[in-house]
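Both complexes below contain subunit A, partnered by subunit B and then by subunit C.
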Partner chain A sequence: MEGATWLAALVFLPAVGSPLLAHRSFGRFPFWSRVVLSGAAGAALVSFSMTLLALADRAWGVAVVVALATVLASGMRVLLRGEPATSPPESASPDVAERLAGAIACIAVIAALLATLGGAATSVDLVFFWGAKAQQFAAARGIDLAFLRNPAHQYMHPYYPPLVSNVFAFATTAAGRFVWTAAALTFPLTLAALAAALPGVLGGMTSARAAAATSALVVTTLACIGIQADIAGNADMPLYLFETLALALLLRPDAAGATGDLLAGLLFAAAATAKVEGLPFAVSATALALWLRGGTPAERAKASARLLGPTAVALAAWFGFGLSRKLFSAYSEYGRFFDIHLEHAGGIAAAIVTSVAATGRGLAYVIPLLCLVGAGRRGRMAALPLGTAAALAGFLVFTYLHSTGGPAQWIGWSAPRVFAPVPVMFALAAACRREA
Partner chain B sequence: MLRPRSIADPALAPLVGSALLAALALWHVPWRQGLERPATLYDHSSAAALAPAYALLTAAALGIPPGASVTVRAEPPDAELEMWYHRFAVALLPGRRAIPSALYGAFLAPEVWKDAEYLVVVGPKPSPAPGRLLFETPQGSVWLRDR
Partner chain C sequence: MNPADADPPGRSPRLWLIAAFALCCFPIAARTAHPLDEQLFVPITPLDRTDGARAEQWSFLEACRPHLPPQPVFTIVAEDPDAAMSLFMMSIGAFPDSLPLPTMYYGMPAPEIGRQADFVLAYRQPPLPHWNLRLVARVRHGAVYARLPAP
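Coming up: the complex of A and B.
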């Protein structure tokens, strides 16, 4: 029963995001895409509200968090003043390919659900820190400084971005206790959310059947990697959701403008506050999107403010909390920043390939790559997902180069998960139409 | 099955690819256990070696009162495992004071944890008995220590 309540509390996320997504300019998205986008925006706003409350030394409670996040979502509508009403593309009944793609995506979600319930996909990081922190924060009704400062708890990485532990703490507060199985089930739940939202978001950039097939490829890729790399209950699946939807939004021809940019910006903020690698993803995707769009310097400045403003504000609140409490002042990971060990470069490449190849024989990485190669020459917008994938991969190698004693073990348990957005970007690039 | 529009139908490759990956995802579901619910969330994961500790600590949560101090040890002693067990104890025994017996793969001096009121031992029962046996499960035992 508590597990059901814990999961049901996540319904607050789309509810919180709905005042913003109810704006007429978001009418371009089909119903389920709009619901999931509301949930993703809601997660960013709930987490931000909890960080703000912690910063102000105010106790967390379901009502106060929901109220503050809803006020923020409503307030953001001001930024959409003057944006015209839009409506979703006329819906035709789905053809065989679309139905088949939907069925395949459902099978992948069911596989993720069964693997999670069967104890075959749970991340140890759920117990080691995501869940442990959320449980403690819910009990403390805020970010528990004594808990994070305990020298025996340094493995919990006090500086880690707060979204997942905040949202889990929110659900724990609503349910009355932390429910481990419910937290693990966020993997199939978030995967299902992606399966529901992505066809409608991609539908703006390609045909309905190609959008459905690409969505199925993305969902099955993440199901495969998620099951084999044990991501249930950690921050990886929420990160994949935010990153994939943000990129898909930016690929749409109607992306430029306050509506598209603000929503993508909120998703980037969610990604950057879910995991460390969400920040380089957001920055590189924004830079590439602006470069591909062109426009005057003033237009680019306005768009970059919309795209990266929410991330800057969310991270400012988090680092403001860390600095003001003398808890952390930077991301530290496993070495001193810029203390690069180039002697490990060759070993890093080999370890990444070995680790990825050991995850389902690497098929979840190879198949989207083959789809991309088989799609032939793509439109120039394909540079957005491909460039972002390259930037993310570069960032990950850069972090591995900081390891003093050789990162082989670190790569072994992290690479299959952290490189998962790369095949997703391959799938999205393959869907980019060639310009006439 | 698909409408024969053209050989370059953009839906074809991702559909075939996703069907292969869906089959692969199903392949990795632990079907052999049937409808039986696993004892822990980790029984068939890559962290299956930690599943006994998870099960024992979940059971111990019912017998160790809030506010009590507790240390988790492995039998035979193993610094690496005891480090992981401590992390499990922090998460699965909320409201108790989990004291580590090992950190980062190295044992801590026994003085660090000698005052722990409860001892959870993953594995066979230790000898000599470290206190009064509260209960045991197939995964280990829970003791109220002599102090």
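Coming up: the complex of A and C.
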């Protein structure tokens, strides 16, 4: 029963995001896409509200967090002043290929659900620190400083971006206790959310059939990697949701403007506060999107403020908390910055290939690449997902190069998960239109 | 060129669907390759099918639970340093109202910290004899000990 309540508390996320997504300019998205986008925006706002309350030494409670996050979502509507009303594309009844794509995505979600319920996909990070942090924060009704300062809790990673521990603590507060299975079930739940939202978001950039097929490919890729790399209950699947939706939004021809930029910006903020690698993803995707769009310097400055402003504010609140409490001042544990060990470069490449190949025989990485190659020459917008994938891969290798003793073991348990957005970007690039 | 030409070639969505179906089948096929009784086994710990060693460690912590008072201060000893660290990390989440103290921290012995505990959970090895303990209960894969008051 508590497990159901724990999961039901996550309904607050789309409810919190709905005042923003209810704006008439978001009418371009089909219903389920809008619900999931509300949830993703809601997650960013709930986590930000919890960080703000912690910063102000105010106790967390479900009502106060929901109220503050809802006020923020409503207040953001001001930024959409003057944005015109839009409506979703006329919906024709889905053809056989679209129905088939939907069925395949459903099978992938069910496979993820069964694997999670069967204890075959649980992340060890959930039982090591995500669960412990969430229940400790829920009990303390805030970010528990004594807990994080305890030297024996160094591997609770106090500096880790706060979204997952905050949202888990929020659900724990609502349910009255932390429920391990419910936390693990966030993997199939988030995957299902992506399956529901992505066809509608991609529908703005390609045909309904291609959008449905691309979505099925993305969902099965992530299900396959998620099950093989044991990500249930950790921050990876939420990160994939935020990143995939943000990139899909930016690929739409109607992305430029306050509506598209602000929503993508909120998703980037969610990604950057979910995992460390969410930040380089957001920065590189924004830079590429602005480069591809062109425009005057003033337009680019405005767009970059909308795209990266929410991330800057969210991370400022988090680092403000860390600095003001003398808890952390930077992302640590990755070695001294720019203390690069090039002698490991060859070993890193080999270890990445080995660890990716050992995850479902590497099929989930190779098959989307083959689909990209098979799609032939794509339009210039394909540079956005491909460039972002290259930047993310570069960042990850750069991070591994900081390891003093050789990062083979680190790569072994992290590479299959952290490189998962790369095949997703291949699939999105394959769906990009060619220019006339 | 009309908009339809700009879309990926007509065969691409079909190719992607075949690719998606193949990816979908892979984890299912891998799963059904296991014997039926193994597939029907209802997991007891969150890690039963991902990490057998840690699943056993989780079960050990659960077996110790009834023998500990509310809000216990305890430490865990294990012969294998990896097992000791893994048990310590898991115990923080498994016993949220308690204070676990490490005796081994990522391979570095910390007996001066562990010795402050009121209870010792001994996983697959007895605690050191000079720790002055009494046996509370034997459990699967180990035992629970309580510290004796100083004479």
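The working rule: the second predicted complex is superposed on the first by the 436 of 436 C-alpha atoms of A that agree within 3 Å, B and C clash if a C-alpha of one lies under 4 Å from a C-alpha of the other, contacts with A are read in each partner's own complex, and residues count from 1 in each chain.
Here is the rule we use: a residue touches a chain if its C-beta (ideal position, glycine included) is under 8 Å from a C-beta of that chain, and two chains touch if they have at least 3 such contacts.
Not measured: the values here are computed from a predicted model.
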| item | value |
| --- | --- |
| Overlay on subunit A: subunit C relative to subunit B, clash or fit | clash |
| Which superposed partner A:Ala431 touches (first subunit B, second subunit C, both, neither) | both |
| Partner chain(s) touched by A:Leu53 [first = subunit B, second = subunit C, both, neither] | neither |
| Contacts of A:Asp95 with subunit B and subunit C, given as first, second, both or neither | first |
| Touching partner for A:Ala121 - first (subunit B), second (subunit C), both, neither | both |
| Partner chain(s) touched by A:Gly379 [first = subunit B, second = subunit C, both, neither] | second |
| Intersection of the subunit A residues that touch subunit B with those that touch subunit C | 97, 100-101, 104-105, 107-108, 111, 114-115, 117-122, 124, 126-128, 131-132, 135-136, 139, 152-153, 155, 178, 180-181, 184, 206-207, 209-210, 212-214, 216-217, 219-221, 223-224, 227-228, 230, 233, 360, 363-364, 367-368, 370-371, 374-376, 427, 430-431, 433 |
| In the complex with subunit A, residue positions of subunit C that touch it | 1, 3-9, 11-17, 19-24, 26-28, 30-31, 43, 45-51, 54-55, 58, 86, 88-90, 92-94, 96, 100-102, 105-106, 113 |
| Contact footprint of subunit B on subunit A as seen in their complex | 95-97, 100-101, 104-105, 107-108, 111-112, 114-122, 124, 126-128, 131-132, 135-136, 139, 152-153, 155, 178, 180-181, 184, 206-207, 209-210, 212-214, 216-217, 219-221, 223-224, 227-228, 230, 232-233, 360, 363-364, 367-368, 370-371, 374-376, 427, 430-431, 433 |
| Residues of subunit B defined as touching subunit A within the complex | 1-3, 8-15, 17-22, 24-26, 28-30, 33, 37-47, 50-51, 54, 84, 86-88, 90-92, 94-95, 98-100, 103 |
| Subunit A - residues contacting subunit C, complex | 97, 100-101, 104-105, 107-108, 111, 114-115, 117-122, 124, 126-129, 131-132, 135-136, 139, 152-153, 155-156, 178, 180-181, 184, 206-207, 209-210, 212-214, 216-217, 219-221, 223-224, 227-228, 230, 233, 360-361, 363-364, 367-368, 370-371, 374-376, 378-379, 427, 430-431, 433-436 |
